[in-house]
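Shared between the two complexes below is chain A, which has chain B as its partner in the first and chain C in the second.
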Partner chain A sequence: MIISIIINGLLIGCIYSLIAVGLTVIFGVMRIINMFHGDAVMLGMYSAYLLHEKYGISPYISPIITAPAFLVIGLAIYKILEPIPPKQREMSSLIITLGISFVTATLAMLIWTADYRTVNLSYSQEVFDIFGTRIGYPAFFSSAFSVILIIAFYFFMTKTFLGMSIRATAIDPVSASLFGVNVKVISMLTFGIGLVLAGVAGAILSPIFYIYPFVGSNFVIKAFTIVVLGGMGSVTGALIGGLLLGVSEALASTFLEYSMKDIIAFIIFLSVLIFKPSGILGGKSRV
Partner chain B sequence: MENQGYRKKDILGLLVALIVLSFLPLLLPSENYKYLYDILFTLNIIILLSTSWNILGGFAGQVSFGHAGFVGMGAYAIALLHYHCKLSPWLIMPISGVAAVIGAMIIGVIALNLRGPYFALSTLALAEVTKLIVEGWREFTQGTQGIVVSQGDILGIKATGGVYFLITLWIAGFALLTAILIKQSRYNYYFLAVAENEDAAMAVGINSKRFKLYALLISAFFAGLAGGLIATHTGFVDPESGFDMVRTVEPIFITIVGGIGTIFGPVIGAILLVPIGEMLRSEFTKAHLLFYGVLLIIFARFLPHGIVGLLKRRFK
Partner chain C sequence: MFEVRDLIGGYGKLEVIKNINFDIKEGEILSIIGPNGAGKSTLLRALTGLLPNLKGSIRFLGEELCGKPPHYYASVGIAHVQERHRVFGTMTVRENLLMGAYIKTKRQSIEKNLETVFELFPRLKERLKQQAGTLSGGEQQMLTIGQALMMMPRLILLDEPSLGLAPLLINSIYDALMKLNEQGMTILLVEQNVKKALQISQRAMLIENGEIVLQGNSQDIKNNETINKVYLGMA
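Coming up: the complex of A and B.
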């Protein structure tokens, strides 16, 4: 019983982590809180849904097609935020991305209506047993893809030149530029990459979540919780934070009341900000 | 800094405007202009909410993402007292403000330790927690079923659109008067110092947390009143509508487009935008948010001082 709760929590946690990774990287490099992140997830879900409905493309494959679009959206939003003077950047970007978020969600509602939609795969109802836990194939695939992507992203950040430039910019933009890193281009790319991750996460989780225009606001709070839990700007922190949130939600919805499931993210969010603002990894890790 | 005489002119102008507008229901009877009074009610509520948000976000520099929480607290204070104690919403209207102030004290203990974006996000989280508690505590609040608030008469007068207009007009006017009085008092300098640089303010001996709390409580009082008025006007409140996130974003959008940190920015923003927004809203739901949102992005990016800033530049 307890094992199956934890397994289900971990599965959902992997997907939460993938959403949070994009958010944390954007925060690490640009020091801005991107309220649009949840809506990028929403757009990812809708694009996967539409490609699946119209052309029968599996939501696990369609991100390859849609990723460039998210990169472009990211670059466009970066261009809006870029000229804000650094002193006002934190608050102005918070408010501007909130505005972009609402505009996007409202547009989505006008285009696709407020109906709840689901991606029905041929194996949507099939399950398999592991340690006496019944796991649906879509949930398993979504989590597995998320973990693979997070690991791949980790190696991208630690082993490639571009990844190392991003990390250097996050630690100290001035020193990074002295070593030949073009901080402007890196910031722009980081914003784009962060949104691509959000869009991919949206596509991957479309088979297991309802899709509706204002779904993004649910994910954005969860992603922020994970980011503060794991430490701002840390990829490994985002993974650990995501798993912790997934398991806590699963435990809370079983042992407390079901409605507690949503409160738990907020309580974790507030407690971390108050008692351990540097996150559980102590703010040392920057990857 | 603007001088005292200028503020006196503001107060006088505000009072004249309020008195003149109070004759409107005599000229345009409520029965014939129902739609107009619905828009005017919304307009007054948005002026009230935006002024409330502006006192905290503009004057004291603490951007709140949790105003929907205060609105919901006010709405539920009225609805619960009406439901459990059978009190007329009109007699207990001030309690909606007081309830939000009490809620804001609890929220303040947690959120005021945090700064900038973290303050904003923590108020968002606390508003959501309040909503989920109201939703979960079914025996007391009826959960997602919601509560019906019957309006009844106000001291024997039937609650028509015109009556709602007058009440909200004067409450919004009272909020504006409060804003003017804050602006010309010494508190304005404390708020400015805290908004500009909290560390520097503390270094010169300003108890920043205390002034942030004052701004939060004043702001919450008016947001709570708005909630009580909305619940009574609609005649119904449930967690979804009571704590609607729209009540947070609307005042932010309107205040920034009008001119953040100025007294009449929210008023000018609301008067210019709300009628257009409401007309769009009747075409399709939430279209007004699209309109406000696009303007917010443009203004926040290119004209951070809003319409008031534009006018000031023109006439200088």
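Coming up: the complex of A and C.
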């Protein structure tokens, strides 16, 4: 029983991690607090839903088509935030992206209405057994794709020059520039990549979550909880934080009231900020 | 090869560098000495595009560089090793060295350049997988010089490589610099360790309050009376 709760928590946690990874990298490199992140997830969900409804494209495949759009959205929002002087970055970016977030969610409501939608796959109801735990195929695939993407992203960040330059810029932009890194271009790309990750996460989530215009706010809170949990700017921290949040939610919804599930993120968020503001991993390893 | 004319700059309204003029000749070590706060580090920052609103002229191999961004300076072959061995602390030693080879045209020669760095600083080879932040100060200094060598630069600007290091380590760093210079590397060396700087360099300049107050052969400067009194502590 407890094992199956933990397994289910870990499955969801992988997807949370994928959302948080983009957020934490954006913060690490640019000190931008991106409140729009959840809406990128929401747009990812809707685009996967629409492509599935209209053309029958699987939500696990459609991100290949929609990723460039998220890159462009990221570059556009970055252009809006770019003129903010570095010292005011955190506060100003929070307010501006919160505004963009609200406008986006409202537009989504006008276009797609407030109806809840679901992506129904042919295997939506099918399950299999691990350790006596019944796992739905969509949940399994969504988690597996998230893990693959996080691992791929990890290799990108550690094994490619572009990834290394993103990390170097997060640690020390001045030094990075002296090695030939164009810090402005790297910052812009990082924001784009962060939003692509959010959009892809949205598509991957779509078979297992309800889709509605304001669903983003739900995810942005979880993502921020994970980021403070794992340490601002840390990719490995985001991974561990996501898994922890997934498991905590699963435990809370079983042993406490089901409605506690969404409050647990808040509780963790506040506790970390009060007792260990640098994150559970010490917050030393940025990106 | 490197000509600086009428250079004026600083931080915001604070003018730190006041009308600096000098040349660096190909293959030489030119040292800059001067008291704490004289503007030596600020001058190096000016010479790699790190100061906004810089006035004057910086010509490198005939090209005007003043007003260009820092990454452009790297691309034309100028390496800047900053003060206090600033490494990327949470990246490994290997990753730090690879960052030195970030510019695309340098990436073909990574293996060869790594060998060059290890020949000069064998210790780095043993610590390749270690996080740079866990190295000792001396090892970090070696790493920053190694990073600069990965850039295959035409000119290296070095900011106080001896700062905070034990004498033995200072010697091994200086031996390395000497070797590099013998192989033809041009070096602009900022130092508070006046004795060391004058020993290794062919020419030297004294900076006080953002101005060059003395320049000439290192030998002559070593024999200069004020330098002797104030900076070398010999009566």
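One rule holds in what follows: the second predicted complex is superposed on the first by the 286 of 287 C-alpha atoms of A that agree within 3 Å, B and C clash if a C-alpha of one lies under 4 Å from a C-alpha of the other, contacts with A are read in each partner's own complex, and residues count from 1 in each chain.
Keep in mind that, in the parts below, contacts are C-beta pairs under 8 Å (C-beta built on N, C-alpha and C of every residue); 3 or more make two chains touch, one makes a residue touch a chain.
Note that the structure is predicted; figures quoted are calculated from it, not measured.
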Dominant contact partner of chain A by residue count, chain C or chain B: B
Chain B versus chain C as contact partner of A:L98, first or second or both or neither: first
Which of chain B and chain C A:M164 touches, first, second, both or neither: second
Chain B versus chain C as contact partner of A:G56, first or second or both or neither: neither
First (chain B), second (chain C), both or neither touched by A:L273: first
Contacts of A:F179 with chain B and chain C, given as first, second, both or neither: second
First, second, both or neither for A:P86, with chain B first and chain C second: neither
Overlap of chain C and chain B interfaces on chain A (superposed complexes): none
Chain C - residues contacting chain A, complex: 48-50, 69-71, 73-75, 79-80, 82, 86, 88-91, 95, 98-100, 102-103, 107, 147, 151
Sites on chain B touched by chain A in the complex: 63, 65, 110, 113-114, 116-118, 120-122, 124-126, 128-129, 132-133, 135-136, 245, 249, 252-253, 256, 284-287, 289-290, 293-294, 296-297, 300-301, 304
List of chain A residues in touch with chain B within their complex: 33, 80, 83-84, 88, 90-92, 94-96, 98-100, 102-103, 106-107, 109-110, 217, 221, 224, 257, 259-260, 262-263, 266-267, 269-270, 273-274, 277
Chain A - residues contacting chain C, complex: 158, 161, 164-165, 167-168, 171-172, 174-183, 284-287
